[in-house]
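Order of writing sets the chain letters: A, B, C and D. Residues in each chain are counted from 1.
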Amino acid sequence: MSETAMTHVNGRKPNFLRKLDPAVVTAFGCILLLLVLGSFYSRSFLSPEYLLQQLKVASFLGIIATGMMLVILLGQIDLSVPWTVATGAMMACAAAAYGPVGTALAIPFGILCGIGIGLVNGVGVAYLRIPSMIVTLATNAVAQGVMVVYTGGFSPQDSATAAMRYLSTGALIPGIPNVVFIWGLVGTAMVFLLRRTGFGRAVYGIGNRERAAYLSGINTRRIVMTAFAASGGLSAFGGVLLAGYASKASQSMGDAYLLPAIAAVVLGGTSILGGRGSYLGTVAGVILITLLQSILSVTQMPEAGRQIIYGVMIILMLLLYGRAPASR
Amino acid sequence: MNDWQYRLAEHRGTLTAVAIFVVMFIIYTANHPAGFTANVIQTAANKGVLLAFVAMAQTMVVITAGIDLSVGMIFLLTNCLASWLVVGSPLETTFGVVIVLAVGAVCGAINGAIVIYGRLQPIVATIATGAIYFGVALLLRPFPGGSVNEGLADALTGRIFGVVPASLAALAAVVVLIWVPFSRSVYGRAAYAVGSSETAAYMSGMPIRRGKLLAYTLSGLVAALGGLFLTFFTYTGDAAFASGNAYTLFSIAAVVLGGVSLFGGKGSAIGAVFGALAFRTIGDLLFVFDLDPLWQPLFQGLILLAAISLGALALFRVRNRLEWFL
Amino acid sequence: EPEVVSGPAAEPECFAPWSADTKFFKFPKKDGPYRIALANGYIANTWRIQMVQTAKAYAAQPDVAAKLKEFKVVSTGEDVPAQISAINNFIDSGYDAIVVNAQNPTAFAPVIKRAKEAGVVLVAFDNILDTEDAINVNVDQKGLGGLWGEWLVKHLPNGGKVLEVRGVAGTSVDTDRHDGIHEKLQASGKKFEVVEVMGKWDDAVAQKVTADAIATSGPFDGITGQGGDTGIVQAMIDAKHPFVPFGGETENGFRKFCAAHAADGLKCSSAGTGPAQVAVAIKTAIAALEGQVVPQSVKLPLAIVEDPNFKEGQDYFQSESDNFFVGNSFPTCGINFSAQEIMKQSKENK
Amino acid sequence: MENGGPLFCMEGISKRYGGVRALENAALSVRAGAIHAVLGENGAGKSTLIKIMAGVVAADEGQMTLDGQPVKFASPAAANAAGIVCVFQELSLIPELSVADNIVISNPPTRFGMIDRKAQRRLAEEALARAGAVDIHPLALVKDLPLSRKQIVEIAKALARKPRILILDEATSALTAADVSKVFAVLKRLRAEGLALVYISHRMNEIAELADDCTVFRNGSKVASYAAGSKSDGEVIEMMIGREYHSVYPPKPGRLAQTAPVLETRNLSWADRLHDISFSLRSGEIVGLGGLDGQGQRDLLLALFGVLRGLRGTVLVDGSPISISSPAQARRHGIGMALIPEDRKTEGLMLPMTVRDNLSLASLDRLTRGGIIDSAKEESAINQMMTLLAIKAGNIDAPVGALSGGNQQKVVIAKWLMRQPRIVLLNDPTRGIDVGTKQEIYLLLRRLADAGAGILFYSTDYAELIGCCDRVLVLYDGAVKRELVGAEITERALIASALNIPSAEPFHQEPAQ
């Protein structure tokens, strides 16, 4: 992790090699393989337009998976993603109904709502010690309930603001969608957070053994809560961007993101038990899942076949590099 | 402490689940326009038993410190299969039932094999196999349909002696014939031990792989029993993705309400069964409280949140903060 | 036990029989006011929310309210057994009629039997029941697909490459609409190449798969979408795909696009049956309870608007949500909801 | 029995973990009816050797013979079946199962294919009685037991398997003298019954009392085998550490420190476990906590460190009363407390994380600026600690779990020393540590004290208390029963007060031996 660390040890690999986790390398290899396989079906799978389009679509999943990864590194999970995404999107659009101020604050407001849901999750997990799998399931139900009430309550505003649309579909640099940059920024921040900050170290520590982290004087509860809040915020931000992409918010926006986010994180080599994993892996996982879904969706086969191939491919890729080490 | 205190401590999770269920069910029937009648109970039982089977299946995997996100899809797949096979003469029907259960067990065994021999993390492995099982279900039933031996279906979803819901009796029989022998067998104990500490179990020379594999296989079998009952209850097969997913997620909620630890090694399928019944009763409460229809989902969410927060009350008794991290 | 009688129905304009051989029911007349229940399944999408709002609005209309002692709505989610149990509970609680948007057309046989025995009027709409023992307020899903198919045939006289964005796999609505489309395309005798993707009736999903399809198999000469059509058009715009004839649903957002881009080639047929059909179902239930003759299978008229007839404030509402479903009027049944009426309903109720 | 050849023989055993050579051409030969002691400093490869013997890990090279027949064990179960049973250094108990379940775990009695709980209970009670632990309830969950009880359960579990060869890998490290003597009685009886026993321990006195044969390991290879008693302790230790060896304990300062107390408690009570504990700890002083295990020593340390809720009484730091409600507060500047926990695997370390990450984990607040880690500062702090404690790690970017037990323990201590604590609480820090390392730790403690820290030191090893401490507080049933100062700290005085024998007078008259 630190660049000056070369002194102490005998025979360490150079820094860049040491960082390359074989799992991540294989994951990127699988991405290439998928593209090559796809190109047998249609040449356009290798076209820059298609690849950029995939990168753009992957960005939404990428941002959501970033939050999911943070939580998984703690050995927890966030099942409230679907309705946090929807809440972020819907609330951002809703804010836009309140004049220019509302429009200006739309994006932060949407994110804030996600952070709110995340905080409830965090309090439940960190302070009430409820297993994350179930608190987040419950908050997901509550968020859904609130959104249903909200939609039915009064004629809701659900068009995305110009800013949201710009973030998702605009291109500051011609050809490269802004949202890809945003994912890049979020990702860089995450890498920095995980590698270079005390918070990141603490996250890994807690994921490995919370008890030891606590006895080391780390404020484990605050960190867990913060991580959940961040996950909520990132999910909601993903929702906001999705609303920008679709020009509007809708209720079921987040449904398609829960299982793929988990799968992407784990496919990227992060241990579901916490404490182990790199962000680069998650990037690979996100791209893998996005490509796989995309390629399958355009091949003309019955949905049943798509589902079966999707499942088999994930298992094969995991078998290739995602296996736990043999214990003897 | 004496024996009974230890035993009470051992079963606390299960007993809490029973208590939560009883309280909720009393509130429900006390406010039901039809009251505590055989019909109302039969209706509640038929609905509750389905989730109870799925939750029991989930429990078997969860005690090994795994999780099965494909359990709802096994439930769907076996439902679709049953809508083809469990028809006709008694012999054909029996044959059909056997095949359906065997397919469920095979699905469970596949999950187990991938997790054990493939050494994959259960959560993603079962996301993937779930997609496969759903795909197969969809092949079997591209759209809803099929039929079932209605005599058998009516018998198993009806009432025994006009009082006891047959589905409840079947559930009890499954508990006695599958869960109890399993949990008391050497393999069952190995499954618990693996969930509690895999290394320790291995070092103690337990048959951990076989224990785990058996747990996954029985889990598939019990999920298939659920799928079979779904067919008896609806007379059809239906590969509804959303419904399969819902059952998977509900089963996790039920398992937690039932006092089974998601970290493995602790809890009982009996607790999970009551957790499932309690979870189902949350939905039933909608009938007896006159809520605006759009507020109903929120109400359900809040009740669930409240029910799981009950467990947090125990925190106030913890005087050694290290106990938070067990 | 309804008596099977011969037609026509009490309000023949509204209660149109599905086909020539549709049976007619005459239930024993009951004295009002009635207790009616709505057993909904899934709730968390705009269509369903709008449907529930419409049901409440309809039940609150003075002439309808006068006939109702109680109107109760329960939503049970995606889970079929829960919906079956809900209906069982309504039967046990003594409701006179139960209106249901069934999660599965074939799963309700046992409960239909029970309703019949208990003398409860069961009316299904939207996702109807596969039975002759309950009243179905029917949308001709296959006919709807046929309509879209015909629209494409009309606008692509030489055939061509068509993108079909389908719904949720494994549902009968998806299958019926799909079959309808393909039947008409085939019947035309022209050469149509169809690329199918699953849009799940959801704008976000539909947008994504459309974008993929355009990138890998485009461009297309025509498009048809079962739902999520706003997202499909959005994807076309994003990909700078030329506008082509489109047969789709009745989302407000879709119609906004159709109106705005008609001149550029987005020639739309927007057809479907809005959530207001619940009102027809309730009306049918009341009629049945009053002892009037009703068809076993009611055929709902389709609300169709086709290019170049999109009119702001009537066929679409520029200021309303994109997710809003237009097509809320069944004039033959005296049912006429404006967007404002539906969306504001519960606000006034409070 | 006596004149038979070796019962079990290992030869040419090698085992590598990645780049680490754990064993190199190692050998061991044990005979029936004898206790064979295996000695060696931390990381010498003792545990690895017996894990191979017990089928837990597979050797890269080498042969094993049992009764002269070559054998290979694919799993612990296979070794068990051959009569080889091991009490592992890392406990192999299932925490969520009951004591009885654990004891019969590998071969539970069954009826109709189901486990017969009555028979199981009976077997468990027998085994517990044999291990001299009738105070443990068979239905108690293992996770609720303190470490010392777990070790006893582990021994009972091994006994219940009726082994031919019984291996104990530091199986008594957490036990107090009383428990140890009960266990020894059992072991001697087993020896008389003709079992072969392999005994690994870092306590020389235990070896002296038990062993018939000894083998010393260093750096993964056998150094020597000899009959017990044929070599002096000094010689043995020099074989182990490969260099000359002097007195274990550093000299004490002679007179008591007269500085102001850094830490004081007044009438500290908690639940029904701690009663009215009042004492003070001056800077420069090492105060021992004595007594039988489980008399509240651990609770006291946890209470001081802010882990326990609902404390009554007062805690003062530098003379002013404070209330500490978390380790985060306890380590804060101005208090500067550190706790070396009891169980390094679950409380001290993140085993899969690197040595580096583990070392800096407790000092993250000091190594970061604005939340960002200052790599240079971290690096130098780590290097300093690695040298100070002479931590033997091939690669500091390797997981700490790959270090030997003793080096792991050093990492735990190092990570707290990095903060330069003013008050150091130690919960049995030398458990499972070889003499060489122990010596280094004692020296370190004294140096810390000399540098002004106040040290509160709980140990289950009386010799340590005698050798290191300026004062010893003896706890009994959660209360301080006696305070021994300077020359009063003798083994007899410690034992007498630990057992709460009322008249401790006679001990005063005798000179310390």
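What we mean here is this: contacts are C-beta pairs under 8 Å (C-beta built on N, C-alpha and C of every residue); 3 or more make two chains touch, one makes a residue touch a chain.
The shown structure was predicted, so the numbers you read here are calculated from the model rather than taken from an experiment.
Asks: Which neighbours do chain B and chain D have in common?
Replies: A
Asks: Determine, using the mean of C-alpha atoms as each chain's centre, which chain is farthest from chain D.
Replies: So the farthest one, by centre of C-alpha atoms, is C.
Asks: With centres defined as the mean C-alpha position, give me the chain C-chain D separation in Å.
Replies: Taking the mean C-alpha position of each chain, the two centres sit 72 Å apart.
Asks: Using the average of all C-alpha atoms in each chain as its centre, how far is it in Å between chain B and chain C?
Replies: Each chain's C-alpha centroid was found; their separation is 35 Å.
Asks: When the C-alpha atoms of chain A and chain B are each averaged to a single point, how far apart are the two points in Å?
Replies: 30
Asks: By the touch rule stated above, which residues of chain A touch at least two different other chains?
Replies: 144, 148, 151-153, 211, 214-215, 302-304, 306
Asks: Two-or-more-chain contact residues of chain B, please, as numbers and ranges.
Replies: 137-138, 142, 199, 202, 294, 296-297, 321-322
Asks: Which chain D residues reach two or more other chains?
Replies: 56, 307, 326, 347
Asks: Give the pairs of chains that touch; include all such pairs.
Replies: Result for touching pairs of chains: A-B, A-C, A-D, B-C, B-D.
Asks: Using the touch rule from the top, collect the residues of chain B that touch chain C in their complex.
Replies: By the definition above, chain B touches chain C via 32-34, 37, 39-40, 43-44, 46-47, 50, 137-138, 141-146, 153-154, 157, 230, 233-236, 238-243, 246-247, 280, 283-284, 286-287, 290, 292-294, 296-297.
Asks: Taking the complex as given, what residues does chain A use to touch chain B?
Replies: Residues 77, 79, 124, 128-131, 133-135, 137-146, 148-149, 151-153, 210-211, 214-215, 259, 262-263, 266-267, 271-273, 302-312, 314-315, 318-319, 322-327 of chain A touch chain B in their complex.
Asks: Provide the residue numbers of chain D that touch chain A in the complex, in ascending order.
Replies: Listed in rising order, the residues of chain D that touch chain A are 19, 56-58, 305, 307, 326-328, 330-331, 339, 341, 346-353, 356-357, 360-362, 364-365, 367-368, 371-373, 375-376, 378-379, 382-383, 386, 394-397, 415.
Asks: State the interface residues of chain C toward chain B in the complex, per the touch definition above.
Replies: 38, 40, 42-44, 49, 52-53, 56, 72-82, 84-86, 88-89, 92-94, 103-110, 168-172, 174-175, 346
Asks: So in the complex, which bits of chain A are touching chain D?
Replies: Its residues touching chain D are 1-5, 7-12, 18, 196-199, 201-202, 204-205, 208-209, 211-219, 275-276, 328.
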